[in-house]
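Several structures are given next for inspection.
There are two complexes below, and they share subunit A, which is joined by subunit B in the first and by subunit C in the second.
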Partner chain A sequence: MSYEPPITDYDEIVENCTCAFCGCNCDDLDYLVKDGHVVAVRHACRLGASKIMEDLDQRLVVPMIRGDDGELEEVDWDTALDKAAEYIANSVRPVFYGWSETSTECMKEGLDLGQYIGAVLDNQATICHGPSLQAVQNAGYPIQTLGEVKNRADMIVYSGSNAMNSHPRHMARYSVFPRGYFRQRGRFDRTVVTMDPKFSDTAKMSDKWIGFEQNGDYGFYNAIRAVIKGKKLTQEVISGIPREDIYELVDEMKHAEFGVLFFGLGLTHTLSKQRNIDIAIKMVMDLNKESKWGLTPMRGHFNVNGFNIFMAFETGFAFGVDFCRGYARYMLGETNTIDLLVRKEPDVFLVIAADPGAHFPNGANQHLAHIPVIQIDIHWGPSTELADVVLPGSFIGVECAGTSYRMDGVPIYMKKAIDKPETCRDDEWIVREIKERVMKLREEPNVAPKYIPNPAAE
Partner chain B sequence: MEYILKNGIVYDPANEVNGEKKDVYFKDGKIVEDVSSAAKVIDVTDKIVMPAGVDTHAHIAGPKLVLGRLYRPEDSRRGVTQKTKVERGESGFSIPSCPTTGYRYSRMGYGTVCEAAMPPLEAKHTHEEIGIIPNIDVNPLTLFGNNWIVMELAKEGDIDGLAAFISAWLKITKGYGVKIVNPCGSEAWGWGMNVHGYNDSAPYFDVSSKEVVRALAKANEKLGLPHSIHIHPNDLGHPGNTPTTLETLDSLKDIVKSTKKSASVRDQTVHCCHMHFHSYSGTNWRNAGSGAPEVAKFMNHCKYATGDVGQVTFDETTTMTADAPMEYDLYRLSGLKWVNADIECETAAGIIPCIYSKKAPVSALQWGIGMELFLLIDNPWQINLTTDHPNAGPFTRYPRIISWLMSAPKRNQMIESHEIHKWAEKRTMVASIDREYDFYDIATITRAANAKIHGFHDRGNLSVGSNADIAVYDINPNDFDPSKNPDAVERAFSRAKYTIKDGQIMVKDGEIVSTKPSHVIWSNVKGMEEQEKDIIDKVMPFFKQYYSVKWENYKVHDHFLSNPIRVDVE
Partner chain C sequence: MKTITFDVKKRNQIALEFDEIIPDTIYTWEAEDFDKYAVPVGNSRFPLTDFFDITVEGTADSPADVKMVFNGDCGRVKYIGNKMSAGEIIVNGDADLHAGAEMSGGKMTVMGNVEAHAGREMSGGELEIYGNTKEFTGASYIGEWRGMTGGKITVHGNVGKQCGECLTGGHIHVLGDCDILAGIHMTKGVIEIDGNVNRWPGGQMKNGNIIIHGKLGRLLEGFVEEDIVTDPQIDGEIYKGRYISFKGDIALNGKGHLYLDAEKNRDKLSAWKETDDEYISLGENRKYR
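For the complex of A and B:
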């Protein structure tokens, strides 16, 4: 990395901005603004800083519609919004997917539209921490805020998560390095363990690396649980780890004053999926008999947790909520985006603040190529190539304000620092406009003539 | 718009109106002396008219509610209904979604609900949910009992500092009053421990629960907040916790009530919530019994304390409280899926599903203890009807509790037919009490007393100038024996004939006919700006170092407030 001289040429500093990148939602960023652009960012990691500063790189600036020749053509806002509304109003099985990189205020409009038209609302949890949520529904959820980790934790475990790369400030700001109230020496007061088949950058920073075999997670945690409960291990080596090492690790875990397990997709998406998380949660519960332990999923997008929270308080279900029958339905494997797409059910797909083109399995994307796709986003991405209507949004936390929820559920109001490009619109405005236009085009389907109580709630 | 609510049988305990046939007038959202001849007449001849209900203590919005919904889709599925032209569709039984909460309270004729636990760090979340709940006004209480800064100030005995801190933090979190949950115990839970009894201290902080509670009570009266301290004492749910409860209440007998106008509505200096969970005798669940007679005796001689019951309703529900160590104890007992959510420097929370079965001895005992509290505490102004929603049962069960209270034969039939486990008969004296509540008492424990305890002068009564929050129930009290018709009582109170909120008809014949956005009610202490600045300057180095958010992003921005009603405290 070459030396970069500090930026001195700026008009103003906007303090305490919130980073719109990962689930850390660092809210201590200072933006250096010149001529209405962020020219430098203080305190942010490289991921956050580059996203914020290079906001115009591959930026979508004007609304576009795909013409008969298959090329995207620039149009005015009215035309684009009308086209989007027309697609949605004429659909029978619309899916609104994404939401994890926009504000809860925007989600509210999306939900109104989804309930009105009878759509499926889903977010990135369906392809990332969905199994974690499933496990939470099976086993429970002992969590704590990140400040609690900073102040109390003397043992930090990262499992299937390479925080140094994916959440670069996580260790520095919340978990490993900061000086906490009861951990005044910071890093020296904590034991850090990384459990990962790969010797990752996080492992390099740790006191201990447990490199269990790929897909060995479940067996490994099962062994830990057995040892916590006082059982002897009969096998010499479990998931590639010698049993003496497991005894030693369990001893350390039991004697920690406050331990935290951070887990990432490395745990949720290996062979046993939600069962891995089940057993990790159970392990944490067992450890609470001896000491104090908690866990936290390392959520990826800055508001992926926000969507789950928002949908839970609005509808009672966290993600993959289907309104096509006029009431909220949530059935994993049935009302989730990938399953719907692979079954070729959706006939219109609205994607906001997400990139299915880059992240979805091929079978799902194949169906997307055959149906109208409406994209609301700030940057070009593979999804733009699939989109039939492109609506350029604005950058939450930089160009417009909004609420997001950190990975531990702490809400943060992300403030606005600069103006958006003239031709772009706020996400919230775009979705509201579509909603109003759809309402003009189509009467509400699936509305009960009167309230029919649910006997199960009586 | 002017209205006349004509010929109803009015129960308005705040004005000592007991079942008089009279008209109620309201105009532009307020109750008025008289209206012009253009007023619209709503005929409620021989039907019960009461002020709209006020819930003293419930958990309806906030981070722990959402965790409950997130991890219990099985509960959400229980109450799903289809969208209508008016309603957005419901979900949930014990932890209904936000819109559902508003609709269901409205249907029961309620107008105001106290959200009893708001952690300051996540206050924005609570307010965001309140903004989505329709039809009811919400006053959230901010959690103070395990706040590190509060504990330090209490240890120093700095009541002035504490008063300034409360004043500042109510502004920051837009809270209404002071809530204390298991003082020092939830902090001890940070290390997986709990405090045992009222004089035990939190580890490290070296300050006892008693010192914290007394300091907060003094600071509360110094400020003259509309509501007193609202306390959930230590040892909740543990057999033999009655002495802790009584000691807690007794330790506050010398607290002098504020003479300020803002505190003039209420009589009490302490409100003890969900008392049934704090009235157990015995030493373990095998020999557990009822401490309710003792608690009731204390309350009957005590002028400065009020309480609510937290009545068990025999349902599968979801318990959730900031008393996290207690939830862990429940997890050890039941092994059901457990949620814990510690919040830095402030509090903790725990959640666990709970099945109160009629056939289970402990549930039957709990039911009996709750009933005893209702029936043995003589003054209905001192005891409120709650289920500590959703802890002892969902709020939708209030009508059923009303039917139990109004009918001794119903209670006896439940006990004698062994519909509920014999512990209710053997270990409590419910079967031997024949007291029955009348409609006037019911109006007291569900609206008048509740509003008085919370210091509301503009609701919970039908005085001229009050909000036109009115409930009408389809019962003719002159021609109806509630003692013999418990089911009809339950039906009538479940589905109000009319619910009127701020002069707007929300419910007609038990169905939602219109909705309106909720208001959030918060207390704004005036004239403490200097002291607030001093205390904020004092805690700022601590805040910067040990919180995980920036000061600027900590407070609840105006953006999150839905139609705030600011209660100014001079």
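For the complex of A and C:
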């Protein structure tokens, strides 16, 4: 890595800002601002810093509409918003996807619009921690805050998560290295275990690596549960791990004073999906009879958890919430964005603060190419190439304030540090404007009206 | 007997929701009632007659007197037979999600393939699928620990993941192959699989019986070998053949039974060591640092 000299040419330092990258939501960042731009970020990891420092080359700054020639043309805000509202007001199966990189305040406007028009509201959990949310709905949520982890945990287990790469400050700020109230020696007071088929960067700096075979998670956790219950294992090797090693691991877990299991997509997206998380939760419940244990999903985007908490609070369902019949409902395989797109059901797709063009499977993106796509975002990306209406938003936590939820469910207020470009608007304002224009076009909520059970009996 | 025939005119890309069109609600309906009815499609309703030619023959005094026949591809018609308690439904083609879900009586037959969630949480009646079906056959809905509690599901083809999840009663018979985690969390009832099973049937099961006539890919550690049994009698029915009987899932002190065909699953016997070599070599490559 080449040496980068420190930035010394700046006008002011904005202190205690919150990072708008991953679910760690590090709220100790200092932004170095010059001429209304963030030129450097202190305390952030490279991922967070590179996102926060503006990349004006790719910044969306003016509203655009795709013309008849297939090219995006710059238009004024009224024209773009009217076009977006027209698409939504005339839709039969609209899907509003994203929300994980915008504020909770904006989600409120989106929910109002979704309820009014009978849309499906979904976020990135549908392609990441959706199985975790399904398991939590079944088995409960033995969670703790990251502050508790820092101050109390003496055993940290990462399962299917490479925190060193995906959440670079997680270990430094919350779990492994910090000195806590009861863990004064920091790293030396903690045992770190990584469960992952790959010998990842996180595994390299762990005390123990459990390299079970790919898709062997469920069998492995089942064996752990059996050993916790005092049973003897009959197979010599379970999911690629010798049984003696499982005995040793369980003994360590049972004797931990405070253990925490952090799990990532390596657990949620292997063969057994939500049942991997289900059995991990059950394992934590079993361990709580011997010691004190908790678990936390390693959430990816800085407010992906916020959308799930907000929607669960407002509707009872964490993601993939379908309002088309006038009430909230959710069903995996039916109301999730990928399933809907692969079934080619949506006729309008609003994407806010997300990039399905980059992250969705080919089959889903193929359908997006055939329907009107409305994009609210700050950067040009693959989704912009699919979009028919582009509405430039603002950067939460940098250009405008808002609330987000950390991976452990702690709400954090993200303050504004600089002004947004003059031609951009806040996400919240954009969604509210679309909502009001849709309401003008459709004077009554557009949901399938209540059914008369038996017209013949009337 | 009233026979209502739905001939598919147009296959809509956005799924039609048929939860309101079951024998329980339409047994008094005449042809003009169907003409007036608008079916939910996305956030709107459209006339049912846009999608089907409907003919009504005969009369019915109760839902049990109704026979609904669907001719054509109903691969985009959800909730067929959802919550029905009596009568008969025949689908001469494919059916979409939730076919026969939460039904408590009557009979439903699908001659083609069925999407996921077939027969979820059904409590009675009979669902027969001649093609394949996908995930969560006879399972519980998310957040619920009681899946199918009664009735019978017969699938002549293959089924997807988590068939009979949280099964609390009833009988599921799969004549084809089955994907992972059949009978996960089950507490009662019987799952019978004629074909091969991918892996891990009966994960975290507390009670109930799973009979596998084909070959099982991988068994969970939570199952303890009990005995080799011949012609076991389960819930009053005799299953011909020799089976290895396992008890599990001991990871949660379960008392369920898993019967594996003894000939096809000899490698699962503790006395059989041939395939262990493969696992040991895997383990040696994956030792801790």
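Worth a mention:
The rule is short, and it goes like this: the second predicted complex is superposed on the first by the 441 of 458 C-alpha atoms of A that agree within 3 Å, B and C clash if a C-alpha of one lies under 4 Å from a C-alpha of the other, contacts with A are read in each partner's own complex, and residues count from 1 in each chain.
Assume a contact is a pair of C-beta atoms (placed from the backbone, for glycine too) under 8 Å apart; a residue touches a chain by one contact, two chains touch by 3 or more.
Owing to the predicted nature of the structure, the values given are computational and were not obtained by experimental measurement.
Overlay on subunit A: subunit B and subunit C fit together in the combined arrangement. Shared-chain residue A:His301: touches no atom of subunit B or subunit C. By the touch criterion defined above, A:Tyr181 lies against subunit B but remains apart from subunit C after alignment on the C-alpha atoms of chain A.
By the touch criterion stated above, A:Thr104 is placed in contact with subunit B alone, subunit C being left untouched.
Within the superposed three-chain model, A:His170 lies out of touch with both subunit B and subunit C [touch as defined at top].
When the shared chain is aligned, subunit B comes close enough to touch A:Phe313, but subunit C does not.
Contact with subunit C, but none with subunit B, is seen for A:Ala223 once the two complexes are overlaid on the shared chain. Within the superposed three-chain model, A:Lys150 lies in touch with subunit B and out of touch with subunit C [touch as defined at top].
By the document's definition of touching, of the two partners only subunit B reaches A:Pro142; subunit C does not.
Between subunit B and subunit C, the smallest C-alpha to C-alpha distance in the superposed model amounts to 6 Å.
Applying the stated touch rule to the two superposed structures, the overlap between the subunit B and subunit C interfaces on subunit A comprises residues 137-138, 323, 325, 330, 446-449, 451, 453-454, 456-457.
Listed in rising order, the residues of subunit B touching subunit A in the complex are 61, 63, 65-67, 69-73, 75-93, 95-100, 121-122, 124-125, 128-129, 132, 148, 189-192, 204, 328, 331-332, 337-345, 396, 511-512, 545-550, 552-553, 557, 559-560. By the touch rule above, subunit A contacts subunit C in their complex via residues 91-94, 117-119, 134, 137-138, 199, 203-204, 208-213, 218-219, 222-223, 225-226, 229, 231, 233-238, 240-242, 245, 271-273, 275, 278-279, 282, 323-325, 330-334, 343-345, 347, 446-449, 451, 453-457.
The residues of subunit A lying in touch with subunit B in their complex are 15-16, 18, 27-28, 104, 115, 133, 136-148, 150-152, 173-174, 179-182, 257-258, 285, 288-289, 291-292, 294, 308-309, 312-318, 323, 325-330, 401, 403, 405, 409-413, 444, 446-454, 456-457.
Listing the residues of subunit C that touch subunit A in their complex gives 13-15, 17, 20, 25, 28-30, 33, 36-37, 40-45, 78, 97-98, 115-117, 134-136, 141-145, 161-162, 180-181, 184, 199-200, 203-204, 218, 220-222, 224-225, 249-253, 270, 276, 279-280, 282-283, 285-289.
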